[in-house]
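Next, two complexes with chain A in common: one pairs it with chain B, the other with chain C.
Our next item is the complex of A and B:
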């Protein structure tokens, strides 16, 4: 940063300390955070949930909740001390020089007011006249790449997709031409392809406006793609800081090393290795901490770490790390991965889908959410389902579970027996054979019951166990999902996210299921917790010979768990094959685009494919190959005219595309060069 | 489990030990909030006052509410703090004893209304479809009726007794409660635990009563309190119209109706004190209901 050293930082945070008043007691959450963002620079903050990322962002602009207090340090925006500012100056600063975008665009938009008026309002408060504000709103929407700005102005927020809403919010945030744009989890909850678009937009806007960006994200790939530098936070301190790519490729702080080792990266698969976890968890708010905040969970910790505050060290150029034992971090990096404990050889076919379709009726239209799906699942095998939102993943899973009945004509067979459409019409055996682990344990566990009563009920209904037999089995399940006995008498809200998900998993496994659907099983969890849950799922599968159907937008997770992958687009299977084959390629053009859209912590391929536009409506499906409207490799004259069949292009590798596999191999090989 | 990841064995701690303890006492916390809430304090105090009157009325009341051995229309003051009525009965004693019937009748009305309403609301919200449509239409029609008039006609037809009054008022509350409960069930059934229960093979009754009901007690309790307030008022109103509780029972509504025409003659105390009693009880119950709702929504 030597060239920019002389410039005034867009945001400078110095030794910032923040505490929250919890029932009269000040509980420190930030313990001296310092960092700087230069004009035009993008800075990322990462770390487990609860480490203080959002508090930092709020404190930087003095926008803390009522019980938050800045207890030390200061923040400067463009050289002006925000912490010492009067109310008037602060209002002025917030109105004209900084903007914030939050995770949920729904929260930033008023559902009852047309988008146009809301965006125009952002200009009106800056003093524009009514007409002028409107004009500039249209312009602003164009700037965030909303093609049909005039028409979008007339819509209500709910009439826009999540990605469009987030763009409108960004357009509002840019109204004042901010010097500093703070984005708090701006793409969480968006689809990978939409996320990629929003991130590209942020990058372009940064180039255009020269605004500095503070980006908070729990997804390290997002930070790597968007940010120049990154700060890794732990328990209210930044423990490591440096250039994003370098930090993720060559971490130097024990915490950063641990965090990165939790991730299923670089094509890790359950058959090869277990994931590392970071034992323990983030300290609780208000607990007194040792000098090095990471001491409790650090395997390198010594007596010194408890008492002496680590000072900034610079083991690499452009890198700051706070740790006493930098010389030993290499041990952690080089530590061998834990090998997988035996592999499951897939057994007989348990589940067979033939020509399964699902049509919803909506306002007189037919919505074909699933069209002619043929699939097989073997015992002990994991099938990963991937595709954008609206591609039919959940619809397919629900049809298998019998939550809704598939259309007449298709067949779902369990052990060669044809299953009735709805779970209520299926025999008890079939019902208990197919269970689900939901995405959000808060919703999946009844909050008025204790863990014990939740699990006991599952045992009595699914396994038919009562009395002593049930108690014994309850103990066994508790042990299998690694819960401690005292957890049994707690209610879900008293458990952390990871523990809740363990209860949900125990619940699904109560009746010895043959098939377990995992719908985004870890997307509500932190990476270290995610690693533990993925290990648990792999263990249970090995011990119980269960088959999994895994739905996740995190391709690392899908790849880690899956033996086979099915790619869905607009309710149709586009590609099916072994996980290794599907990820290695040659890929179906849609899979190729999907893989390239997902921001990876390992960095992006040199030539990234940008998938433009949104998934077409399932009411009005494109002609020919349904993907042709967005396919970068579409062959004019062929693809819009006829729909290619799903054919086996190599052994065990099915694809639906007009381009022959060898041609795809050639095309994709040459792009990579 | 045959082989366990040693790093996983380390049990994750509770989400937040301090906070977990707080949550364990979430109910206590709510009670604390309630105790701090000014409307709860005022409403609660008035309510407790009337409950004491209802329970210990015989001891507290200076005279028998039926004794007519005093001069008629003695003004307030002296040995008759609130005066006497036309027949020479002590107004204070009648107001104190009058709390008893109303404090028994009103909760029973509310219980009937909330009980039936919850049942119907659960059925509508859980099964939806034609059941919801059908019952929904009946409820809409019911709510469009001029309730006091219909209640009046019903009681006139059935004959007034305390039982018929209580039943009628309770049944008239049912549709409103059903609508509230239905809305709560609709929101609650979106949770995945309902789906999980179905996949486990639970029947509708179990899901409605054992899974959903415990999670919607908040709005039901609020509804119950609000209904008590309405019941007090409605019972008094029906008595006033002469189709409610029958003389010589010392009922507040009845007392108002018996002599309200004599206010012009200057005998205001016979009417005003029972009227104030009605008003204070209705307001007290509503204050408590408001406070409950506020605490619930936090």
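Our next item is the complex of A and C:
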């Protein structure tokens, strides 16, 4: 790199404006975005959906969809104006100087071409001969820490796990030794432990290559772990920019303050406080906005905000904020946390699982997805299920719901009555008593019906209510899930994601359920919407005395809602206990690794546990303790020899581990120092 | 892969067996007495009875069916009731005539439709694209007999460019044959062009918007390479299955075209057989069409599995 290049920004975006052509009308998406990334620097763009963070990245490399147009400003990569480049120059730029990695690696690899050939292609385009490209592709795969690179070369994408696929995509992206690497939600959809591995890999490669990184993520923890600086976007503008850790610890723009207060962080639990929400909702693409784009939803807004564009202010060193009322942001930060949801004393045992297992037959093999699970759930209590994919969380939930029958021998009791395996064999009462809320409300709602008829149908089917009684109850539910009367006459597609989830929740509560399974209830929602839904779930639980089983990969969400936590690995319960105890430790080594893998918006502890390898196949489980192959604390000679029982290690805290709890406490305590 | 093939062929055989049952049952629904049908209304009843006895058509239906199946198992397709000729010979001749027509039609349609569909997708929204979309929709919405009649009236009768009857003189050279077959081929092309072109277009559009295409573009590959290597292979997989199904339909769909152009093919033969209650001919003919359909879809499945590793490698991947 020459001296002049070092002074030129790897990416410079100047007043970029982008609009989408929707049926002949240009709808603005980016309203003047400016930022710079220096060579070797990692810059994060964060914000909720529709804020324009992905559009910014795609506009920077000129890969907008057919109806997207750059209507103003320009982007410079290494000093060259991308917006003014001809097609051939643009192609060469993509081949040799910039690379991109996106969400869902399975989709970004061509399903019909072997991984090796796809990686080699990235070298061939730089002028390598066929053999040379192949050789370098093997090297590239090794560089992204793929051990058996030769074998992976010969595989098709679908034969690799998500983590391996993403490594292959990163290998391809690094082929040209890019000056700028753009990562668009690179770990969204991956398991926490895989996410941690990919982020570690990105960090290592960044040190090795010196590439500048533009990271786009909705997960603030991911950005904090990876980036030096961060830009917070709202409605097509950057509203605050600064050093990542400082912005998250000491936000200055009202939106950043609000966003961070929506997050269930620092071990927040429903019994301690309600989550804050940002009033109003995200603006739809193309709606005309006031001068300050956040004015509609800002509690500090004055007349000035509507008409005068806020200019850059620097309330801290290395900080840029666009707000007229910086002096008053302190009021927001200091605003008291809203009162707690209120402690609910758990009632009688509602659900009891004894030795519940589930074995699938797959191509002549037995897959033991669930092995001897014993659990109890009390009225008004929330049980959080935690574990990587393949741990058996969903299998367990489905067995409880009766979507598939658990193996003979196990018992599931609802109010002391033994339940049949399949929901179709269960009495109507029992069917009504257990309901589910899905990640994607669309799958639960009939698209062709109005909200009113969806809820009425649920009331007549689940509660047997018709006529006036049904209408009264419908009003009550509408009120409980905080929908306005006009929403009743709309169809699901006319509602936002958050509103749809409210309808789905209302649906589930129509028949006065005893137990509601919440399967990733807020994963598809934006942070500010998520907060409102979590508050709603907590309120409903208090009012209806319903019990929840919460499945979520977001440990903050699980922590917030749950009274007790069950940690699953390869279908076995590894740890069960009060939420506070499980999160505070001493932890089971697997729980410890999971907690340590999740990037926190509050910053990571200095020492992190890194899990090696992938979850073993449930067809061929390891001997002894099933976790010993990946356990950083495994005791040689003991852990692979026998499986430890699940025992109570302290009051109300069960663990399946050979290491005594005092030893775990000592080990985990010393690591933190 | 081998297991998959064996399973497919076994399934195909079962389908064919069911087909014979259905044809046999349906053809007996048509009212009328076989002997009477053959000998005409003025023949004495004794002759009719005698003929029925000789043909075995006086026996109960299931006996007739079992006898027929036993004959088939021996490779004997029987004799036509009407012409007393060997069914194998009758079908053999007209099968080749039909196959010639169908293959020629496919040979024209497939490249034309695929190229048009792909090009339309690449130039999405252009005039060319809109024309292709409209033409293919219109073409495949019209039944064969309408298109065929239209072509006869315009090109055959009004303009007299092509002969109205698709019967080349005996021993005609290939070019002359083609000249005689031009109009029926055109009629078939118009119908099948639409299905295939639309499928190809949809496939290419989906592949162009796929993430892996974006990856390829961002690698800095030339547009031509992106399309050849990354878009087309994935895009044309669904088209292949459509082509296969259409080949099967095409064989059945020849019926109307052959009748209109008075072409001595399988379709025309079967219509005559159905009218005459000529059961041996009818069931053998339907069986042949069923086999063609089966082979076409099987070939398509094999081709798809070659192009799509996920299908090829299956469970042992």
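Observations on the model:
One rule holds in what follows: the second predicted complex is superposed on the first by the 666 of 673 C-alpha atoms of A that agree within 3 Å, B and C clash if a C-alpha of one lies under 4 Å from a C-alpha of the other, contacts with A are read in each partner's own complex, and residues count from 1 in each chain.
Here, a residue touches a chain if its C-beta (ideal position, glycine included) is under 8 Å from a C-beta of that chain, and two chains touch if they have at least 3 such contacts.
None of the values given here were measured: they were computed from a predicted structure.
Contact with neither chain B nor chain C is seen for A:317 once the two complexes are overlaid on the shared chain.
In the superposition on chain A, contact of A:484 is made with chain B only, not with chain C. Of the two partner chains, neither chain B nor chain C is touched by A:86. Of the two partner chains placed around the shared chain by superposition, neither chain B nor chain C is touched by A:637. In the superposition on chain A, A:24 makes contact with neither chain B nor chain C.
Contact with neither chain B nor chain C is seen for A:467 once the two complexes are overlaid on the shared chain. When both complexes are overlaid on chain A, the residue A:127 reaches neither chain B nor chain C. Ranking chain B and chain C by residues of chain A touched puts B first. In the superposed model, A:169 lies in contact with chain C only, and not with chain B. By the touch criterion given at the top, residues 274, 276-281, 284-286, 338, 341, 401-403, 423-424, 428, 431-432, 434-436, 438, 440, 443-449, 457-458, 461-462, 479-480, 482-484, 487, 490, 493-499, 507, 529, 532, 535-536, 539, 543 of chain A touch chain B in their complex. Chain contact summary for the complex, chain B toward chain A: residues 1-5, 7-20, 23-24, 190-193, 195-196, 198-202, 211, 214-215.
Residue ranges on chain A touching chain C, taken from their complex, read 61, 63, 66, 91-96, 98-100, 102, 104, 107-114, 118, 121-122, 125, 156, 158-159, 169, 172, 175-176, 363. Those residues of chain C whose C-beta lies close enough to touch chain A in the complex are 124, 210-212, 214-222, 229-230, 233-234, 307-310, 313, 315, 317.
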